[in-house]
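As structure tokens, the structure follows; a few thoughts come after it.
We just call them A, B and C in the order they show up, numbering each chain from 1.
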Amino acid sequence: METETTSQNRGFLRVLWQTIGVPIGAIVLALLFGVIILLISGANPLNAYAALFQGAFGNSTAFVRTLEKATPLIFSGLALTIGFKAGMFNIGAQGQLIMGAMAAAFIGFAVEGLPWYIHAPLALIGGALTGALFGMIPGVLKAFTGAHEVITTIMLNYIAINITDWLVGGPLQDRTTEILLPRTPRIFETAMLTQRRLVDQGIIYIILAAIVVFIVVYSIKKWMDWKEAGNDVRSFFTAYRSQFLLMLLPIFLLGLYILDFLHIGFLIAVIAAFILWWMLERTTIGFEIRVVGTNIHAARYAGIRVALIMILTMFLAGLMAGLGGAVETTGVDMRYEPGFNIGLGFDGITVSLLGKMHPLGTIPAAILVGAMKAGANTMQFQAGIPAEIIDVIQSLMLFFVAAEMIVRYVLRMRKDGTEISLTSGWTK
Amino acid sequence: MTQVLTFVRSRQGKTVIGFFAAVVVIAMFYAAQPQVTQAVLSSTIRHSTPLILGALCGLLCERSGIINIGIEGQMLMGAFMGYMVNVWTGNLILAVLASMITGALLGLLLAYMSISLKLNQVIGGTVLNILAVGLTGYFYMVGLTTAGKLTTFPLGPLAKIPLVGPVLFNNGLITYLAFVLVFVLQIVIYHTRWGLRTRAVGEHPHAADTLGINVIANRYINTMIGGSIAGLAGGFLTLESVGSFERMMTNGRGFIALAVMIFGNWKPFGAWGAALLFGFAIAMQTQLNFMGINIPHQFVGMLPYLLTIVVVAGIVGRARPPAAEGVPFEKE
Amino acid sequence: MDDNVPVLEVRHVTKRFPGVLANDDVNISLKKGEIHAILGENGAGKSTLLNIIYGLYQPDHGEILVDGERIDLRSAHDAISHGIGMVHQHFKLVPVFTVTENIVLGSEVVKNGLLNMREARRQVRQLSKDYGLAVEPDTLIEELPVGVQQRVEILKALYRNAKILFLDEPTAVLTPQEVQDLFKVIESLRERGVSIFFISHKLKEVLQLSDRITVMRRGKVVGETTPQEADEKILAEMMVGRDVILTVDKEPANPQEPVLTVNNLSVMGDQHALVVDNVSFEIRAGEILGIAGVQGNGQSEFVEALTGLRDVHHGEMIINGKTMPFNNPRVLVENYVSHVPEDRQKHGLVMPYSLVDNLVLCTYYQEPFSKGIVRQEEPMVESAEQLVEQFDIRTPSVTVPASNLSGGNQQKVIVARELSRPVKLLIVNQPTRGLDVGSIEYIHSQIVAIRDRGTAVLLVSAELDEILSLSDRIAVMFHGELVATMDRAEATREGLGLLMMGVTGN
């Protein structure tokens, strides 16, 4: 018995290393290179990183700020990830996000007199759908003309910036202040995703109770199946361990939320990630998307309607990004004001690749990048280092994670099993 | 008669007709509004220069099989380094060289990622772009002064020809270099040993390999030279056009350059025509404002990006990129 | 020069790749003016040996001697400088270049720094005349038929003064008549002092052409003989190591009602010309219709059109009385059509996915594998395990990726998947390409078995022997047309060969 559990533990560790080894290695390497750059520019790396950490995790405000920054990153990451699964490089997450944010702001300030349980969800749905429709454009172009989505999505990013700039400077501008600023009016309170609402209304406790009940019932059922199949007690715990831990996660998150440690947008993002994961792994549609991304010829052979899948995938990607924008508007900004870093969706790429192109992987990856962004201001303030160092470190992380993944892919293709088959070249 | 008809329908025929039509239209406008026409055409040349240089970079890389999404990053870094060297030394020639070397170094990085690490080339180019944005944003300091920028100098009597003279023959160094490079690249690609081998490497690297051609070296060198041309494009922005640096000043030109390359069917002269077309679209943005036409400037600002999408969506199906591009080379 | 010194000698060459010993202590020699065949199955190590001699690989042990002197071959350059020329099985020609450009690539003629194509063209014309290999210097490769492309490949080697020529499976893509033309060229090359190694797995050709035959199996040289001493059966046994059945046992067919009727099918190819031209035919339940033809006459596009993988210019396809839409593989699946594709890694399998996923590739959306849009794990795994056992697929488990399996087992996965649902029409395209003899026998028996159960079978193959041994009726495709259809009893090798080349005898 003992040798069994130790070898199982060792196997568990090895699997753990295989999954997160590459991203962790990339992060460490990038941070090391960051030290070099800081030294070149005459800064003190220790101060810099300390201030960075302080700004991200130093206290509960910092922690909430980190999660707040992480939220749109999760959505962007998901928008990229689902694109990758179908073999498409969706750099347009930024543009789709902006359009969603804009739409949510519009619904938020233009409509009056709705109760909160309609207004807020409406803003979110409106934002998500706007992003989805905007994201569909490159999908349609690719499916019917073979236009490479890298160019079309980047172009659409710029177009989105232009459209939203025009809207906030023109028809949708806030006229209530003396000095006219290029931004929309504030959204109504009923459209906001305020922290305490769900808690105050007691709803959160009902949800919590429902989850606990579900876990208990599910566990009992699993236990009874196990016994019926004639297996013994101890192996049940080892087999069931990981599933159980996964199910505790929602309780953990809700707990944090109640304790005011969480931003509700983050919660929505996590739920979205889980739903996307379930869809990709367990449904026929998810299977079709993945086959199109892995071997488009076999997909056609299997009777999958490839054009439809491409369009659907970009729709879903835009949906995620649009939802992210809507969450930003209704949960943080309370209006739409241009000022998004024109990162052109690069953040989403980093998060998606650090998360190994897995929906659940985007969560820790987004927390990491969000932490860097949250800490950057503190670092600039406290240690006097320009916040752009974050961009540099981020691009290094991207480089290392992509390089390592590809190198391993080339060398150990047989063992890995998950293929990254991004489109290359300009033709279909 | 049938011969004439075949010619008219052919691709060359259409280009020639288009060219003559453009000449006629321009002449008409010039007769009506000489100042405006000249201003618009000069502006077209100015806007098209970084585009043609970027397109030539993309073209060279792709002919040898490397897709270069990182032109934007190479331009940005080239712009920045050119600017900084100008600030430090005041020597404009040195600054131009600096921008080209920077571009070449980034090209080397892209080549390393694509060839030796066999990274997906689109990701590699994206890394270049993010790196450039990050590094230039981090190291840029506001309030630096430069000695000046590259002034225009007229090419003797040629500059006196009405309309064509000031537009084509009274420009800065890099603009002239861009004209020259179009011709140079056309000759190199189609009439030299290097060009033949490069094209072979881009179409069928294994064929080249079995004939003793070093595919890897060819790709490295072409990517680096291409990079230097993209760096030059960036240098144009800070050393000849604007005169100073600004964060993210390239504003998508690197990507538009890719559309220019595709529109030009991966040929230098074709890319030049496409660059002029795009340059014209950008030039119209300011012009329409001057003319008091009341379209919100953002809509006109969208024009180049929309045009790019139209080109990429409409042309790609019919155009033919080098067959082996984007695929890492592996010995069988 | 001493005529007894071999012009090329390979001594004790060994080459190991991860997991496989490709060449094991190989010793071969080539005499001056000799035509020496290297015979072996797929995977026997022939191509590896060739690549070593051409400098593309470095051997782990062993040496290579030219004219008695040991030479170091680190690249294709070195091989070329020693007079070694190679004509690969898959031509190394740039499709968008002209004949001249392809021939001089790497050894270009230059004047004042620029390419001197006029001189190059002149040299090519001269060379072409000297060796009797007719080519037009300015034609684009992609416009040339395969037989002419091969001539360009040979000229490439001769342009670089090759005295030792390697031909890797030279007849794989030629019609029987083009093969005879090639043999004449090889003879004339020999007369001009060129020594030739040629690799093949085609017994008849090897016996017809060569002076000496070396047989390789699993990386080793298992024997050397001459056409005088050996015949097909002996050679086959040397190649495979045991008694080989060269024909398939089957009972006469018992065809019933028509299952597939195709009327006036025309398909456009990638070069905007018709590659399938007005094809009409019928297949009945319980019979095998074999389509013979040299690769490149439209068969691939023909099958792709029938199976929904390619656009159709015009035509009609009727299965069991129902008119089928084109471009819709799913409708075919639901009408009991199964398709074993030509390219198993491209169309037939998703290589990184498990056998479980691959075995439900066409049926994943049906019950019991899915309830609505939610996939059901257990029924898929159970079905996969059962199929693995039923079809004797060699694999450690059903969850390994398909890329782990050998070619033969991969093909068995596809066959298992396609035959495990009710089938009224089975379409198989090059079913045994690249497979070992054991797998070939197995798949042939499966095809016959399903025919006996009343399924109609459309068999497309470039291997004439396969067509002859399996088919009940035979049709020949040439330049996209079905130029003849006949019963098996009426078909002969020679007759089919002529038809495959377009000679209709009218």
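Operating definition for what follows: contacts are C-beta pairs under 8 Å (C-beta built on N, C-alpha and C of every residue); 3 or more make two chains touch, one makes a residue touch a chain.
Keep in mind it's a predicted model, so treat the numbers as computed, not measured.
The chain with its Cα centre farthest from the Cα centre of subunit B is C. Compared on C-beta pairs in contact, A-C and A-B come out with A-B as the pair having more. A separation of 45 Å divides the Cα centre of subunit B from that of subunit C.
Annotation: 47 Å between the Cα-based centres of subunit A and subunit C. Distance between chain centres (mean CA atoms), subunit A to subunit B: 35 Å. Contact residues of subunit A toward subunit C in the complex are 282-285, 287, 291, 294-295, 297-298, 300-303, 413-414, 416-419. Residues of subunit C that touch subunit B in their complex: 51, 54, 56, 75-77, 80, 86, 88, 92-97, 101-102, 105-108, 110, 113-115, 156.
On the subunit B side of its complex with subunit A, the touching residues are 67, 69, 113, 117-124, 126-127, 129-131, 133-135, 137-139, 248, 251-252, 255, 258-259, 262, 296, 298-299, 301-302, 305-306, 308-309, 312-314, 316-317, 319, 321, 325-327.
Note for the complex: subunit A touches subunit B at residues 37, 41, 89, 91, 141, 145-148, 150-152, 154-156, 158-159, 162-163, 165-166, 169-170, 342-344, 346, 349-350, 353, 386, 388-396, 398-399, 402-403, 406-407, 410, 420, 422-427. Interface of subunit C with subunit A (complex): residues 307-309, 328-333, 339, 341, 343, 346-353, 357, 361-362, 364-365, 370, 373-375, 401, 403-404.
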